[in-house]
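Down below is the structure, laid out as structure tokens.
For reference, chains read A, B, C and D in written order, and residue numbers begin at 1 within each chain.
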Amino acid sequence: MIIVLKPNIKKSEETAVLKEIRKLGYRPHIIRGVERVVIGAVGDERTQHTLETLITWPQVEKVMPVQKRYKLVSREAHPRNSTIRVGDVVIGGRKLVVMAGPCSVESEKQLMQTAKAVKKAGAQILRGGAFKPRTSPYDFQGLGEKGLKLLAKARAETGMPVITELLSEEHVDLVAEYADILQIGTRNAQNFQLLIAAAKTGKPILLKRGMSMRIEEWLLAGEYILANENPNLMFCERGIRTFENYTRNTLDLSAVPIVKEESHLPVVVDPSQGCGRASLVATLCRGAVALGADALLIEVHPNPAEAWSDGAQQVTFDGFAKLMRDLRPFIEAAGRE
Amino acid sequence: MIIVLKPNIKKSEETAVLKEIRKLGYRPHIIRGVERVVIGAVGDERTQHTLETLITWPQVEKVMPVQKRYKLVSREAHPRNSTIRVGDVVIGGRKLVVMAGPCSVESEKQLMQTAKAVKKAGAQILRGGAFKPRTSPYDFQGLGEKGLKLLAKARAETGMPVITELLSEEHVDLVAEYADILQIGTRNAQNFQLLIAAAKTGKPILLKRGMSMRIEEWLLAGEYILANENPNLMFCERGIRTFENYTRNTLDLSAVPIVKEESHLPVVVDPSQGCGRASLVATLCRGAVALGADALLIEVHPNPAEAWSDGAQQVTFDGFAKLMRDLRPFIEAAGRE
Amino acid sequence: MIIVLKPNIKKSEETAVLKEIRKLGYRPHIIRGVERVVIGAVGDERTQHTLETLITWPQVEKVMPVQKRYKLVSREAHPRNSTIRVGDVVIGGRKLVVMAGPCSVESEKQLMQTAKAVKKAGAQILRGGAFKPRTSPYDFQGLGEKGLKLLAKARAETGMPVITELLSEEHVDLVAEYADILQIGTRNAQNFQLLIAAAKTGKPILLKRGMSMRIEEWLLAGEYILANENPNLMFCERGIRTFENYTRNTLDLSAVPIVKEESHLPVVVDPSQGCGRASLVATLCRGAVALGADALLIEVHPNPAEAWSDGAQQVTFDGFAKLMRDLRPFIEAAGRE
Amino acid sequence: MIIVLKPNIKKSEETAVLKEIRKLGYRPHIIRGVERVVIGAVGDERTQHTLETLITWPQVEKVMPVQKRYKLVSREAHPRNSTIRVGDVVIGGRKLVVMAGPCSVESEKQLMQTAKAVKKAGAQILRGGAFKPRTSPYDFQGLGEKGLKLLAKARAETGMPVITELLSEEHVDLVAEYADILQIGTRNAQNFQLLIAAAKTGKPILLKRGMSMRIEEWLLAGEYILANENPNLMFCERGIRTFENYTRNTLDLSAVPIVKEESHLPVVVDPSQGCGRASLVATLCRGAVALGADALLIEVHPNPAEAWSDGAQQVTFDGFAKLMRDLRPFIEAAGRE
């Protein structure tokens, strides 16, 4: 920790700070600067009481941490890329992985048609929401267990592993029984109890970025998974909340290379949520691949205008097939298959 | 719903939109404008399939909802102010209510001292965290049930009702057993399953605004509580996330009159979380009262520099007593007691 | 400056950093921490080459400045409050100052009526835009010089000093000839050439906060005024840009006590721009006063619905008179007149 | 315009709104919905008095514009892509254009070396700042005219056209004399007087996005250029201000396809400003190309650690050469040369 004192304070005020630093288990190291005294407090910031609270003292101007707060997810701790195996699919390897399917599972017909269409176009994993977190209590909340059963059926018919959202600690066993990957949504990205419960299933976890999460906070949320002994974590950028209102969210594609730099874990991009506009999805996929994403999560629906949730961001079967074709040169340019 | 078509589209494209609108249960009403055709679709937006998905159609430029999405929380539905009774304390009435106490319950001594100090200075409700949502898994996570028991003991000794955070569906029964008010934190403000579970306890609920929640979304999260038959809801502004980094969050005091205008429910302000700096708390309390807040939630600690969580924003006993004294003229100016 | 090195770097990489630090004129001071080496570089950050560029070196993890970058505007440099005299009016003293008038000067009748109405209700300074910065080139751009002349006429008739916006270096002499206070708008808050030109007139300057300006940047923009030998500066909070769309901007009332803490200069609040909704203006004024604002800037129009600019945020004559009456107890509570 | 009335208002209140709508030149068209009355007001929103001010009326709940506010920059007005010719270079055509050079012109040696290095690596246009807008008045403000002369010299020696920032109306003639493209920086993106003055030179203009500008506002700022009879405009995304602090700004790459969809004008991306970190620049360039950018603006310096401004975001000569090589497959994937 670095503690900056205010200019022109009394010697006794300085001494009091030094004493408190020692009391909290750090070794202080004084630097007398041009206008201010700076104290380097040597000690492990991750295991000891933080010194940030010293900011309440009137003689203290600033307290700055030195260490990174995340450990297990950091590339420092694990320099090589991690990969996650789900059935025959490897996420984080040379091959770009595409997860596609409807926003919500609505009916057997809708899901089976979609599963077959996305598989044919090249998707390897099937996505579909059975439990849906909705802004309004009056919106469709998902088919629940019935939706999970349909996903399992689609998996049996197509051979594709399935990813679906987990949004309640109460559903952990139920969802883990049917899903191959547990998705934690943006609204639950700092629902730490849910993260811990999900981690304990041992299932691979896709952690979406919270709507207004700084990258450090996102990595720390991921740390909750690894610290609970589940190494199978992937981060998913899905758009952040900004002042822009042309799109539903602002897809922060720069988060892809940043998370790849800071962490060894795979990075997924969800352009559907990211923009909320089907017309932009294909182009954003190209950007995501060029920036190094390991996988894409894309919403596809037989007839988006009649979708029960988030229709505006779902692409049609034809749109998806074209997207996949057009993506090929970018996948190659990125040195992937 | 208002549907705006793109300029210069074909008659058949217009007809297709009209047909879809009717199919989804609305009655279309055409207005031919200077450059564009606008369709007013008459029907209940809250109970019928949304038309927003029409935006995926190439001939559609914009879709705009007309109705407000919240109902039970809205002042339209309930023009008079609602009040909430907790023991002898009434929130939302003429009297300004102050809830104060430590960020985290740390020990019996710390809690009892604080409870007595805040009561003496005029607080009516005791706050204290037993389960703490922390950004890092390595930070102190609260004393858990032991903390709840200490809160109950402090209530017994001081007569003050207690408010404490509920952050897991698994803890609902446990926390509801000890707490008089359940606090839902900013990170769980759209954890809808937790909202539903909390509502079902029948206990009064304080719903903090999510870090990047628009007011409409906040009101809709509140709608989850009332729709689950718990009318005892209060909204708590605690700062939103912006680009400013002088303070931890940007306390959005304008949210107070806005929520009072849109809703009949009481509004609480948490200036401690709002700014993350003890030196600003007293001044922000004055602003909150002037803007019409019904209650304040203030963090107080015997020795903030050694607090186990969020020390930087906790005020000392003396600071709190002075804050309460200095607040008096503003409470009177606001026509309150 | 504090330079944090990455963990596990070679001795030669450390030496290279030390050499560069010395070359750029600082004295390095090494602290060997638990995982990382931290270097305190002693030297004046305001006059010497910044070390922040060291971040491009692969062995450097973080560079953190120690000093505050603003000087003349800071309270450190000038502990007592500054005041600004404009005619008989003193801004920053014990008396709360109200500046009111139409968003745009539209006609002699509109301006004279408004000037008299706001004076009668207690305003001391007349506001009115002659040159208007408008998002669209097709919107009304102000009456220009004709508007300035009308303002001068209103001053002659009412005795109130006038404040009006300066938005072009080309207009500096013209506007300075007519205005008593030059207003720099949010879109020009970092138009440094305009700031310098305005400063050189010697006239008092009201500097609005840029839409997405951090407080540090705002204070530094003010530093441009004082560094150009004009001490008559006041800061004006007018709302920042956030994700919230209920209001046009989010009025950051917490900026009031922060700027008062960091700077000795007066602080003004513009609730009209801040929210863009006339119905909220009166309540926000109360909050601004409670938080310590020295002055208010309020838009008033004889018939807001027919205003040529920003009608939605202008209050009527009756609305303004009521606002002023209702404000009185808060002014007293704040210890002002 | 669409005007939504509040529920349960009196007939006379409705009539008053209809009367005002007619008075302001629109033809009202009533739709009686489930809960609310909606009025479609037919008339040209771009040439007539706005109806948005009706929101001040107590019986009005919402006013929503229907038309887009931009015209000349819109793709609607000009369906085919526009191109801009600067010397032999065409921006907006099949060939991707790279503009590179130092953030600030510092010396003849620094500029000439950089110009040759970037040309060799494939850049077609030389960038370099002579007048620099700096957050602090104590930071290096550019070499001014001397810098412009050096740019002219570098052009003479390398044959590359030059782009440099214009930040003052007073400098328009001077900068236009030396520069081939005038850059308007983020802080001046809504300095409309500067936009008009720049437009009148007839020179091509690169308009950076304001730090917190919505895309609509950016397009409208561009409209100021075209409305002043200069068709040679390109938009440049350079990062927006968000809550994220890992990078200096958040590069909004999704703005590229959005502006291409809404406008016929070329789109440039500045990844150096966008992230403020040299290590991310190359990767962001790939994303920009994949998303359809017509040109890139990249900061290159012989020794970034000693740069006089923004060193942290400038790449070295070797870094730039590698960036250009690595970019090739993405340029091809995007169907460009």
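Everything that follows uses one rule, which is that a contact is a pair of C-beta atoms (placed from the backbone, for glycine too) under 8 Å apart; a residue touches a chain by one contact, two chains touch by 3 or more.
Bear in mind the structure is a predicted one, so any value in this text is a computation, not a measurement.
J.: In terms of residue numbering, is the interface formed by chain C and chain D classified as same (over half shared) or different (under half shared)?
T.: same
J.: Weigh B-D against B-C on C-beta contact pairs and write down the one with more.
T.: Pair with the higher count of C-beta contacts: B-C.
J.: Give, as an integer number of Å, the spacing between the C-alpha centres of chain D and chain B.
T.: Comparing mean C-alpha positions, chain D is 38 Å from chain B.
J.: As a quick test, compute the distance in whole Å between the mean CA positions of chain C and chain D.
T.: Taking the average C-alpha coordinate of chain C and of chain D, the gap between them is 25 Å.
J.: How many angstrom between the C-alpha centroids of chain C and chain B?
T.: Averaging C-alpha atoms per chain gives centres 30 Å apart.
J.: Note the residues in chain A that touch 2 or more other chains, in rising order.
T.: Chain A, residues with two or more chain partners: 212, 241-243, 245, 279.
J.: So in the complex, the part of chain D that touches chain A is made up of which residues?
T.: On the chain D side, the touching residues are 212, 214-216, 240, 242-247, 250-254, 257-258, 261, 274-275, 279-280, 283-284, 286-292, 329-330, 332-334.
J.: Could you pull out which chain B residues touch chain D in their complex?
T.: Residues in contact with chain D: 2, 4, 7, 29, 31-36, 38, 40, 42-45, 62, 64, 66-67, 76, 212, 241-243, 245.
J.: Which residues of chain D touch chain C in their complex?
T.: Of all residues in chain D, those touching chain C are 20, 24, 46-47, 49-50, 52-57, 69-71, 133-138, 167-170, 187-188, 190-194, 210-212, 217, 220-221, 223-224, 227-228, 241, 277-279, 304-308, 311-312, 314.
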